[in-house]
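Shared between the two complexes below is chain A, which has chain B as its partner in the first and chain C in the second.
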Partner chain A sequence: MQRNRLAVAAAAALAATLAAGCSGAAQEPAAPAAQSSAPAGPVKLTYWTWVPNMDKIAAAWNSANPDIQVTVSKQAGGDDAAAKFLTAAKAGNPPDLVQAEYQMLPSFVAADAVADLSGDVAQAKGEFGEGIWGLVTLGTDAVYALPQDSGPMMLYYRQDLFDKYGIEVPKTWDEYAEAARTVHKKDPKVFLGTFSSKDPGAFVGLAQQAGAQWWSISGESWKVAVNDDATRKVADYWGGLVKEGAIDDQPYFTPEWNKALNDGKLLTWPSAVWAPGVLSSNAPKAKGRWAIAPLPQWGTGENASGFWGGSSTAVAAKSPNRAAAAKFATWLNTDPEALGLLVKEGAVYPAAAKGGTMLGEAPDYFSNQPDFWQRAAAISATARGFTFGPNVNVTYNAFKDAFDKAVQDRSAFSEAVGKMQEATVADMQKSGFQLAQ
Partner chain B sequence: MTPMTKRPGGARTASAVPYLFLAPAMALFTLFMAVPIGYTAYLSLRRTKVSGLGLGKGSRREVFAGLDNYTATLADGELWAGWLRVLGYGLLVLVVMLGLALLFALLLDSAHVRLARFSRIAVFLPYAVPGVAATLLWGFLYLPSLSPIRQVLDVDLLGSGTVVLSMANIAVWGGVGFNMLVLYTALRAVPRSYYEAARIDGASEIQTALRIKIPILLPAIILTTVFSIIATIQVFTEPTTLRPLTNTISSTWSPLMKVYRDAFVTGDLYSAAATSIVIAAISLVLSFGFLRVVRDRAFGEG
Partner chain C sequence: MATTTLTAKGHLRVAARRRPYGIAPTAILLLGALYCLLPVSWVLVAATKSKAELFSTSTFAPGTGLLTNLADLAAYRDGVFWLWMLNTLLYAGGGALLSTAVSAVSGYTLAKYRFRGRNLIFNLLIGGILVPAVVLAIPQYLLFSRIGLADTYWSVLLPQILHPYSIYLARIYATAAVPDALLEAGRIDGAGHWLLLRRVALPLMIPGMVTIFLFQFVAIWNNFLLPFIMLGDDQMFPLTVGLYTLLAAGANQPSLYNLILTGTLLSIIPLIALFLTMQRYWRTDLAGGGLKS
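And now, the complex of A and B:
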């Protein structure tokens, strides 16, 4: 027994020393990128991304640039990828380049995990629309990443079933609500759409369309307005439809949802430009029957959209080869050859303005709408800009919990928005962010 | 401890030998238990401090937080609500799972049983299915338009009232086999002469089971109960895997889910560390408390 206790004490002492050692290392400032000016031998870069076939695109770069060699490491996308990168950055061994979704970029910046590239990529600014560029500068003078793809939102609808139920493509959200009631009355098993309490990204896109600005920077402080008028309007609109039962309340991307899409039980999906990939794999039976139109508008004569998803290429703050990495990132996201490859191999909708011309033929699934990309490009130009804050993950998590509950209880969705605001502000205050009132 | 016999070679080697044997275990324990626990305890006393906008270099520092994370954890109503949910779920799982395990073990051990080998494997097999796979499998069975169950029984199996039962069902389905095997193995070790004596005294199968087998099984039942308590406190896989399919499970449904959310979703490693230490303390208290309460009864003179 005595011996046992001694061992525990020894282990505890050792643990304390090790822990102290760890923290010491973590607090050391990152070594400055001194050697980037004169690299000896080829610079080796690692790149974490989930774009399909990125290794082929990198191979094209590697053969043209023997002095900068990029190795692609395929990641699973989504929140897990962001958590993995933040953990790696904290542990001191991040990749040189990383794919960063726009909403995660501020968290990366706040964690000091990505480098400011303003000195390396200044000339790239002209290649992108203003709304997109704002997503990587966060409205500051710094440039934290290069935009890669974007997700302007549009209305996907079942052309054949719209004819069957005798409804027009809705131009305004009022018309959309009316159409939802009509469809559900004609066939109680069919819904015009569903509200997903699992996809904050879709909701934020719809809120952007209405003019929401959840975060903004004024001087040295953040302004948080998750519960602004525009967002509450959007929330209550959907809440009303869910409450009266005019639309469904099942989440997106579940087997149940796939089946509804496949069987023609769901007639629309307000989604982003990347939706063809989802539809073709999740609802193969409906090929050639879907079409796109601009999102319904809040007022007649308006013409606006928002973004759902999209990502950028960032360089890790701890990367010793910042300049080389920035060079590759610039090539990847602005060079015509690279953009062509991104479209062809990666099935990406490029963020760069000239990327639109790379898109020729409509996706196979939309063969009934040969001008798919032209329409998408026109809609893309109407997407409103947005600034994401440093704790989007907290806000998004609050969205899921609050809207799950609101959908369950059929309570007002604007209250759920209020909870998101509270959670976001509380988290920022706890961390010590400067907040403007 | 018996004293070491001295060998020609000296006392020095002899006294070092036990440590040599202990070294691998000690090293592994230190590396994979003591250090992570120590680091978690250390993290739980820290937090990040952001200044200004929190953008740019040096605006985020890690500072000593004292017991702030612990007070926040203990004052968090959501965590305690999570404990309550897990308690309800755990009671359900414990009673049904162990009850079924005991029943199956007794049935398999009874004198007249056919297809014993087949039944044993059939009951045990679900345990071999990984938790995530089992949950997905059941999840598909719960979804309204995919479920064959729903065509016969019109109940929302993922509704706010039923989701706990649906989850408990998965845990019971997966856990009965293992517990049954533990109990069954213990039963097989009982000398057959006890049963013969009982039979000669005129005891029926049921009387033998109630008066002889169950009292003999008590230590094994207690063991499986302790394991099951620990497992239910740590419930994570079932709710996390079911969560995308329904809007009735929050991100903090069980205490461990809250730890995961804090650490990897909202990025607050420090309060996650504090919460996990609180959870570890509570599970220790619960399992040792249970052992203490039942020890004297189970192990006789103790």
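And now, the complex of A and C:
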């Protein structure tokens, strides 16, 4: 009987909230106000992140700052994390701090889920490269997050097998294509590389290198140019290689791909600075045989790269402790001690410029290349800036659909880029964004 | 009543002796069993493989890394896996118990009492069966946020207590298993509603309640979306959500496949144990019910 009564009470409470929900949003501001008038004790912050060992890094902060105590809650990373944060922000109980991937940050901004920190973190600007800083300002005067880690792209290649097949490290994409044909001719089971139709992040990085600018903000309106010349050039380059069979077309991060890496059937991987972690766990057999070089370039004399992945630390708009949260975010991403911990415990490549000096010894997997981090830092400095739009998930899904089909039908990749543009524009119009023509 | 069951049983026995479909039903069942057991056996084998073996050795070749995997899993973030296991036990065990209690009482009431609005309530419940729980998760999250219960143990327990299908099952079972005459006799002897429920109805309904408990336990044990949306604090995660954080570790961290597979293997052991123990209980009670009628 007791249990029955409990169920009735719960049902009544739910009904009451339903009624409250109908009576409008007038209640909403009540909660933060109540919290800010609470007696002054240590400020308690919650932080959603998926960086490994972030709790240890936060513990270092907590012991030095008794007034601001940060509780880390480790979440699943990726798109689901963004959806979860947006839902929590909408419901009015987001965490104070959240890890935001660069491509997701604009959708947080569009939903008013993250705070503008320009008043709190102005002095941090000098700590970051211009390209990375642009990722958190979206090209405006506001600052929506502090950059945490970045993923400058470079060319990972099998040094031993390059020697075996007698090919040079390609300096341009033309040389890369030539090398792909040579390798595949010498051993039809071996490919120089593969084009993944499942990883829009990698494609965006390569498009950035060519100078693509998919989104830009002018005044109050967005400009969408997913199908700009640079992107079409990159798409058709890879489309041509896939069509003639010079490179493979299997996606990254599958068991088959792992096996191909492990068995030396794939000789290169244009990837980001975080690749050692992936390679060491997915292709343990090839330890000490990989090396890095800058990405092949589009023209001789050019020297550019792009970003694949990376994330920032944002503060929720509804957080009652914005200043304290911004203080922690600044410490985490600019203080030498924190950067050192990020590198050591979190295994991330810090976005801050001085983060590069924290990285001394090369990753164990790359023990054959002792200057790994120095090279990576030099390449990182050449990465081009980029602005993401408010509906990257739509664009990315369109990428997967259109490129899957293009790979299957061996049709032109630039058409697939056209489909991405259409899907992106249609979705933004439907969501009510102002678009510049 | 007794004679009809007898003749029905007689027919069944004759049909069984003739076996008009040969071994076809057995073969289909075997295929079904294979279909269900193959993935489980894959998990069993894959959990024994070390990091290096997982993607390089042939699929069903056992590996050598089981002990290392177990040790790694136990050491992962100071043993957070065991905490998730306890949380899951709390959600599934507590939720299934509460749900069974609510369902049994509601089902019995709907089956044996006539009151105004009974059919309306029952039809609403039937309608509730048609609404998948997945659809409700986000509205429930918004409601729980309003009453300040989001990100608490209650936010995962409460929504799973009221389960329309279980109430429906309990009603059907109570209709069949609790004879009106028995309740009538109890009333004549002066028993009140509470006593009738406790001493007459519930004991008769136990096999049905065991079924409901098992269904709910498994459903909550496997539930992912509700806790994923409701919970932000990783100390309160159940296994499903916890293991997912190992899988979706972000682009720049490799997924911890070894730990996930070992964790998955460990997480199905309690379910298997529960079924093996509860199954016995189930069968004796079904037989007991048969004897009484």
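Assume the second predicted complex is superposed on the first by the 401 of 437 C-alpha atoms of A that agree within 3 Å, B and C clash if a C-alpha of one lies under 4 Å from a C-alpha of the other, contacts with A are read in each partner's own complex, and residues count from 1 in each chain.
Keep this in mind: contacts are C-beta pairs under 8 Å (C-beta built on N, C-alpha and C of every residue); 3 or more make two chains touch, one makes a residue touch a chain.
These numbers were taken from a predicted model, which means no experiment stands behind them.
Asks: Under the superposition described at the top, does placing chain B and chain C together on chain A give a clash or a fit?
Replies: With chain A as the common anchor, chain B and chain C collide in the superposed model.
Asks: For A:L45, decide between first (touching chain B), second (touching chain C), both and neither.
Replies: A:L45: touches no partner chain.
Asks: Contacts for A:V417 in the overlay, against chain B (first) and chain C (second): which applies, first, second, both or neither?
Replies: Neither chain B nor chain C is touched by A:V417.
Asks: Could you say whether A:L138 touches chain B, chain C, both of them, or neither, answering first, second, both or neither?
Replies: Only chain B; A:L138 stays clear of chain C.
Asks: Applying the document's definition of touch, where does A:A246 land relative to chain B and chain C: first, second, both, or neither?
Replies: Neither partner.
Asks: Between chain B (first) and chain C (second), which, if any, makes contact with A:G151: first, second, both or neither?
Replies: The answer is second: A:G151 touches chain C but not chain B.
Asks: For A:W308, using the defined touch cut-off, is the partner it touches chain B, chain C, both, or neither? Pick first, second, both or neither.
Replies: The second partner, chain C, only.
Asks: Taking the superposition on A as described, I'd like to know which of chain B and chain C A:K405 touches: first, second, both or neither.
Replies: Touch partner of A:K405: chain B, not chain C.
Asks: A:P390 contacts which: chain B (first), chain C (second), both, neither?
Replies: A:P390 sits against chain B, while chain C stays out of touch.
Asks: So, does A:D112 touch the first partner chain B, the second partner chain C, both, or neither?
Replies: After superposition on chain A, A:D112 lies in contact with chain B alone.
Asks: Of the residues on chain A, which ones does chain B touch that chain C also touches?
Replies: 7, 14, 18, 80, 255, 259
Asks: Could you please specify the touching residues of chain A with respect to chain C in the complex?
Replies: That would be residues 1, 3-4, 7, 10, 13-14, 17-18, 20-21, 46, 48, 50-52, 55, 71, 73-78, 80-81, 84, 87-88, 90-93, 95, 101, 149, 151, 201, 255, 258-259, 262-263, 272, 274, 277-278, 280-282, 284-285, 308-311, 347-349 of chain A.
Asks: For the complex, give me every residue of chain A touching chain B.
Replies: Chain A residues touching chain B: 7-8, 11-12, 14-16, 18-19, 22-23, 26-27, 79-80, 83, 86, 106-107, 109-112, 116, 138, 140, 142, 197-198, 217, 220-222, 249, 251, 253-256, 259-260, 265, 317, 390-391, 393-394, 397, 400-401, 403-405, 407-408, 427, 431-434.
Asks: So in the complex, the part of chain B that touches chain A is made up of which residues?
Replies: 26, 29-30, 33-35, 37-39, 42, 48-60, 62, 140, 143-146, 160, 244-252, 261, 264-268
Asks: What does chain C use to touch chain A in their complex?
Replies: Per the touch definition, chain C meets chain A at residues 51-52, 55-56, 77, 98, 101-102, 105, 138, 141-143, 145-147, 150-151, 158, 161-162, 194, 228-229, 232-235, 241, 244-245, 247-254.
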